[in-house]
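The first chain written gets the first letter, and so on, giving A, B, C and D; residue counts start at 1 in each chain.
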Amino acid sequence: MADIAQAPAAPSGLRRWFGEAKSLGAAGTIGLVLVGLVLAGVLIGPLVWQVDPAQQQLSQAMRGMSAAHPLGTDHLGRDLLARAMHGGRLSLVMGFGSVFAAMAAGVAIGATAAMRGGWIEAVLMRLIDSLLSIPGMVQAVILVAVIGRGIVPLIVALAIYSMPIFARVAHQTARQLMNSEYVLAAVAMGSGRLRLAFVHIVPNFAAPIITIASFRVGANLLTGAALNFFGLGAQAPSVEWGLMIAEGQRYSWQAPMLTLVPGLALMITTLGLNLLGDGVRHRLDPKTRNSL
Amino acid sequence: MNTRIGDIVPDLDNRTGSAPPHLSVRNLTTSFRVGGQWKKIVRDVSFDVMPGETLAIVGESGSGKSVTSLSVMRLLDPALSRIEGEVLLAGRDLLTLTERQMQGVRGNEVSMIFQEPMTSLNPITSIGRQISEALTIHRDISGREARREAIRILEKVRIPNAVSRYDEFPHQFSGGMRQRVMIAMALATKPRLLIADEPTTALDVTIQGQILNLIKILQEEEGMSVLFITHDMGVVAEVSDRCLVMYRGEMVESGRTADLFRRGEHPYTRALISAVPPLGSMANRALPVKFPVVDVETGKAQPAAEIRDTVDKSRTPVLAVRDLTMRFDITGGLLGRRRGAVHAVENVSFDLFQGETLSLVGESGCGKSTIGRSVMRLVTPQSGEIHLDGYEVMKLNHLDLRRMRRSIQMVFQDPFASLDPRMTVGAAVTEPYLIQKLGPAAEAREKAAGLLDRVGLSGDILHRYPHEFSGGQRQRIVIARALMLDPKVIVADEAVSALDVSVKAQVCNLLLDLQDSMGIAFLFISHDMAVVERVSHRVAVMYLGEIVEIGPRAAVFENPQHPYTIKLMSAVPVPDPARRGMKREVLPDEIMSPIRPVGYEPPERAYRKVSEGHFVQLS
Amino acid sequence: MTDVVQRLLQGCISVFILFTVVFFLIRLVPGDPAVLLAGPTASQETIELIRTQFGFDRPFVEQYALFLQNALHGDFGSSIRTQLPVMREILERLPYTAVLALVGMGVAVLLGVTGGVIAAIRRNSGADVVLTSTAVLAISVPSFWLALLLMNFFAVRLGWLPSYGAGTWRHFVLPAVVIAAAQVGLIMRVTRGSVIEVLSADYIRTARAKGASSARLMIHHALRGAIVPVITVICLQIGILFNGAVVTETVFNWPGIGRFLIDSVLARDYPAIQALVLVFGVIFILINLFSDMLNAVIDPRLRRAR
Amino acid sequence: QENVLRVVVPSSIEAKIPSGTGPAFNQGLLRNVFETLTVVSPDQKLLPGLATDWSVSDDKLTWTFRLREGVSFTDGTPFDADAVVRNIDYIMAPENRIPSLDNLGPLSGARKVDDHTVELTTSVPFSGLPVRLAHTVASMVSPASYDEYGADIPREIASGTGPFMLESFELPDRIVMTRNPDYWGGAPEIDGIDFDFINDGQTRLAGLLSGQADMNFYLSPIDRPRVAGNPDFEVLSVPSIRAFVAHLPMGLPAMQDRKVREALNLAIDREALANFIFSGSATALDSSIGPGQIGYRAAHQLPYDPERAEELFAEAGWSKNSDGILEKDGERFPTLTYLASNGRYPGDDALAQAVSGYLTEAGVPTELRIEEFATFIEDARNTARDAGWVTQIAWGFASEGASMLCQVYVESNPLDFGGYDNPELETACAEIDATFETDARIRLIEETAAWVMDDYPAIFLLAPTYEVATSTAFTGLQLSSSEYHSFAGVAPAE
């Protein structure tokens, strides 16, 4: 009985973690709903509202809400609703894409460092430390300056700057796991290094990694949008929320909707992702339920 | 105190004595809110603690011992818990007091010592201030007086250099010293009642012996009552006048400790007692003996069956270790310069024969686990030779090393930690077979089912996960996994230490059975002398990385030669209430550190032969 | 103290590695600093002249060696954009960023720590829910957008506060609010988590068993114990605040190094970018060092000079 | 302090002497401190400046300028022939890297004749020299400043002869000028000017509206209604010499066909752009040079005629496929990258967005690339020509049409962003420079501008009008088409 109480989270795969929204807690559930709504709007929305976000009509510039344009039009007379929905796609690709890449690279580096040890570990972790010695946004800005502008460089920059945290956690966890009895047991039964990595180590630090990732998506979404806002990322005619705010800011007196719509969209998405992150942590790590 | 022999639950009749009980608990029921529902964790517990008396509460893990003591102190979160019944301290019902009044009771009339000396002290306040805080809260004294008093108490609990150590912080103290600080803190206000919740569980035997003694001595000096919580029957016998047995949240039996040991009635009590035969009960026996296991439900005892001699000394030893040395470098600084080394294992040599159990004993950090790991080449020792079943372990390449591991397997201390939580039992048990490519998966499953059956688990558990099992079951699973490769040697590193007493006995018996039927050799690593005495053929005593004494079990236990061995033996609490009055000398010593500066070479050691196979290091 | 020196050295090595990487990466991307320096209508000859004059035609390694040599003499080159020595530009802007960062952080710490402690003490109460939600919300607001909104509302629409410049306290209000908003959420969450964790620590139970009152428990034991992670986060955030500075300064036209960075990047002002990498790195290291030292003062466990 | 004018301006000054700075607007600000030998009046007439009159030698290679007497620099040293020679020598020296030197054409040297007479020589006959000397690049800086600061002079506060003098330069954003009490043209009434550099138009306007500033350069046209009806403010405007054009990448085979280039020009609705992007403060470009320039004459309007454009495309072999993208023999029209700067001229990036929208509509796949001006120029010079990018820019050369025509459409010139190559134009330019009779010269410019337009080397877009919002507390600001706005006459209103 006591043993069961001490047992960590149930082990049967991601599906079960996300299976019941109930287990995400109230905040997590709200987050799930928000993220779900945003995803629906961004993915399914354009199929329903089939208006070309790039279709300009100067004579219709900055009109208010109407049947033809439920959220009005922007400074070039483009449909704001369509732009908001299409813009989210790029924003989300940016957020999720960069985190996914960062996670893959970070876990690979961290796990390799922990498992190989020696100078490989020293070199890799020193590299990670140096990445960490510059604040994130500054790093992303500089990376963009170095790699060049555009959405792909932006995603790469975001990925590079969010990678160290994954590498650190992966490294730490993997090191702990390397000393854990079941990994020793696996070594003792003759497991090769690969088997160790893929069967015993990586799956077992999924929890902290996924928790970090779920917060990171929101953060990267915001950083990416800010960089787009400053003109360091995606370029028109691409549509992206940060970019829309940048384009609309000059007209915020005449047409506040131009910045309000993408800004709120960004905020709601990030809010949803953060709440979801809370829920995921709640779910994966009941011990820290109350911290952070 | 004219308690009748064989008192049964509840034990209310000892109020007939002259003095009223100091603490009197009546029908204590504690519930926790779990998932919105109130769940009774402790049910209807009643007991008395007389002035100057020690009452021990024993029971297995999770039986509600701590909850009972915390209920008495009202230290449970009131939002999540509910306490019913009466807790009368000198006639006053603590449960009816306001929180404010209760603050006046805590630390003043009743003090408490907790199990974990590591975490129970505030890490960022000096130990001196933590002690004087207890005084300033309850006494109207100046800071200077409090300091003087605190130093006095620190000296009393044998903290050397108390004056200079007053301003040090907990992390600068060893575990045993921290526990002494805890005791000092609890005793600073001279409480009438001390509650000690497993105060020695986290400590080494030698240190445990000192702490127990300290409590006894202080109790006599101050004349206080003690409520002592433990799961160790040896400790119970050593410290308590009376004893209360808890099982699954209820008290199942209580009475005078001596009576309980002699004729405890409840099956659970009997199971507990039979699982810890007193040290020395193995006198004049050469071979290991199984534990007489008592079924907790029925109370029926299985007689301890004789064990046949499984040791085959005619062949070459299955494992031979020569001059094994393992040092862990301590590096520091920017360039990772070596600053010294942990001499974890120094010049260790021993043989292990087929069917034999060699136990490694010694205090924490003396290098027992490191030997186990070296033998398996989980760490790479500096020097030495290891011959295992025909392999030159130290010279194997990567592939041969993996093949070598068919011959030797390991069972670890924590059965939960040694199973991958995300792997079904079936996958876990078949894994070694598949890794070593011994046959197809179907065969592996068949063999696994057979072995699980062998260790007393039905084969239909293959699809379940480790967390769905009890500790004992899990350890059986791990043993089954180790057996999958038909190893010649099993290294059992504290394999039974984490288990409850009754389960411990079962698992030990299982190991003996397996040795009997399969001729396995065990390298049995443990700090639990009672278990070691039961299961080993030979014993090696380690101190600071070296073997100081090695020999047949009977020789080492009955005729210890090395001073350290003698000290170790005498520190073991003996589950014999007759020794209640015995006291050992309380030394302020600590465990020595095996860290040596760069370039240190240990002196040459010589061994003296005491008798056939019994050697002792000459110092 | 050797500990401090060591950490400092370590940090410097990190920054050095990073700087080297940036130096070479910058030179690998297409783009011609000579053309930038020459200006829009310069002739090809002028550009060639500049190229040799500044050594852009030499191998990267040589340029790198040259840069290091100059840097050792305190010369980090001149900005392409403004032609002024970059270090002078940075040093003149740095105080603006520092003051803004400290004011913003001060507000955030005050609100965040108070809110976090209240939320932790009144865990699961209405106040907790409100505070925690505010924290999440604050973390989720894009700060450049918030800056725009505040600016549009208070400076442009209402005209209550100045819309640019850095002269008086009124200039600080909006940028500081934006910076605080970005930080307060995290600080509050960390404080809350840390206090809750400490409150459930064994040594708090020990103190209660001693008979300590709730107030004493909170002040002497819980808060002191809880403050370490909070300080770490705050100091980390001061470093990260330069993120915020980038955003806030740009939107509010604040003459600090954050805006200078954006301007330099947009103008591919490589000497400025290089120098900024160094400056940001050094600031970050110093702040982290300071945080460690501060924590060591509070937490004796961290004092050990290993 | 009441008598100090506070001005918010859109870009920051990079160097403190006019020859060191690039953007015309900044050069224009410094014009209030440093003056030129000649000046062009707001109505495009060439007038005396620091030189009172000038003449050219018979071989047309040597110009003699008589200098104004009694003028001195604000550091007290006299303005004389030595000063002119010193300045010309400075800007001609390659190591000084003067960005806008090209504007002076074939100027080759200066020689002192007497204290108030200098001779300037050109390597070939160059009739445009007096007009070109009105460019800020030829501003007169005190020789004493050159002596004092040496190579650092672009970063230091030098002395000029103008109505104001530089007082301080505060990093990063503020320049303070004080009045020159001894100005030869009469000392200004105000005590000084504070210039604050603020990139964002909304912020600048907010500053004006809240009283933080007295003048806002420039007003974003869309914001005009916010100041318009307000009695505290007035909006001044001046047509600019600038011409927004988008250079077509002649390197692309598809662009070799004039029909394609014409079609692209017809696919743009200039009226709509002027009305909705510039809120009416711009006119459709009807010549290859801007209306504010000497030599401008309306050639013809470019109508918005998508049908005709489609026809022309069809004649050139391009027709829209099912995706609405032009195709020829199964091959898609090459994707154009439309390069533009951001915030350098009011409305530039919005214009770029809208134009690229029209191009896309016409079936030409277009990507946008909007950059900060410095990077924009680098890319326009290096990348755009090789990569075949369309480069949108608002040209505004030294008041004179020939200057623009002969630099941006002549192949060997680095500013020929489209790589347009037409030997006839080179001949025509040589002819213009060799024509010393003013009216004939202007006529030649007009003709050349007209036929260049008909060859469509670029998409000709708009001629913007500059609008400045000022507080009615000050009067007397004189705006100029070439952004040489003069603050000399600014005075507090009654």
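Convention: contacts are C-beta pairs under 8 Å (C-beta built on N, C-alpha and C of every residue); 3 or more make two chains touch, one makes a residue touch a chain.
In this text, all values refer to a predicted model and were calculated from it rather than measured experimentally.
Participant: When the contacting C-beta pairs are counted for A-C and for A-D, which pair yields the higher total?
Facilitator: The comparison resolves to A-C.
Participant: Measure off the straight-line distance from the CA centroid of subunit B to the CA centroid of subunit D, and report it in whole Å.
Facilitator: 87
Participant: Go ahead and note the Å separation of the Cα centroids belonging to subunit A and subunit C.
Facilitator: 22
Participant: Just give me the whole-number Å value for how far the CA centre of subunit A lies from that of subunit D.
Facilitator: 45
Participant: Between subunit C and subunit D, what is the gap in Å from one C-alpha centre to the other?
Facilitator: The computed centroid separation for subunit C versus subunit D comes out at 40 Å.
Participant: What are the residue numbers in subunit D that touch two or more other chains?
Facilitator: As it turns out, subunit D has residues touching two or more other chains at 200, 202, 371-372.
Participant: If you look at subunit C, which of its residues touch at least two other chains?
Facilitator: Residues 10, 30, 152, 156, 266, 268 of subunit C touch two or more partner chains.
Participant: Using the touch rule from the top of the page, what residues of subunit B touch 2 or more other chains?
Facilitator: Nothing qualifies.
Participant: Tell me, which pairs of chains are in touch?
Facilitator: Per the contact definition above, the touching pairs are A-B, A-C, A-D, B-C, C-D.
Participant: Help me check something: in the complex, which residues belonging to subunit B touch subunit A?
Facilitator: 61-62, 336, 373, 376, 378, 401-403, 405-406, 408-410, 412-414, 416-423, 431-432, 435-436, 465-471, 474, 478, 481, 485
Participant: Please give the residue numbers of subunit D that touch subunit A in the complex, ascending.
Facilitator: 200-202, 220, 222-223, 226, 269, 272-273, 275-277, 342, 350, 353-354, 356-358, 360-361, 366-372
Participant: Within their complex, state which residues of subunit C touch subunit A.
Facilitator: These residues of subunit C touch subunit A: 10-11, 13-15, 17-18, 21-22, 25-26, 29-30, 123, 132, 136-137, 139-145, 148-149, 152, 156-157, 189-190, 192-194, 196-197, 239-244, 246-247, 250, 261-262, 264-266, 268, 273, 276-277, 280-281, 284-285.
Participant: Under the definition above, what is the set of subunit A residues touching subunit D in their complex?
Facilitator: Those residues of subunit A that touch subunit D are 54, 56, 58-59, 61, 75-77, 149, 231, 235-237, 247, 249-254.
Participant: Considering only the defined contacts, which subunit C positions touch subunit D in the complex?
Facilitator: 30-32, 35-46, 49-50, 53, 80-84, 88-89, 92-93, 151-152, 155-156, 159, 162-165, 251, 253, 255, 259-260, 263, 266-269
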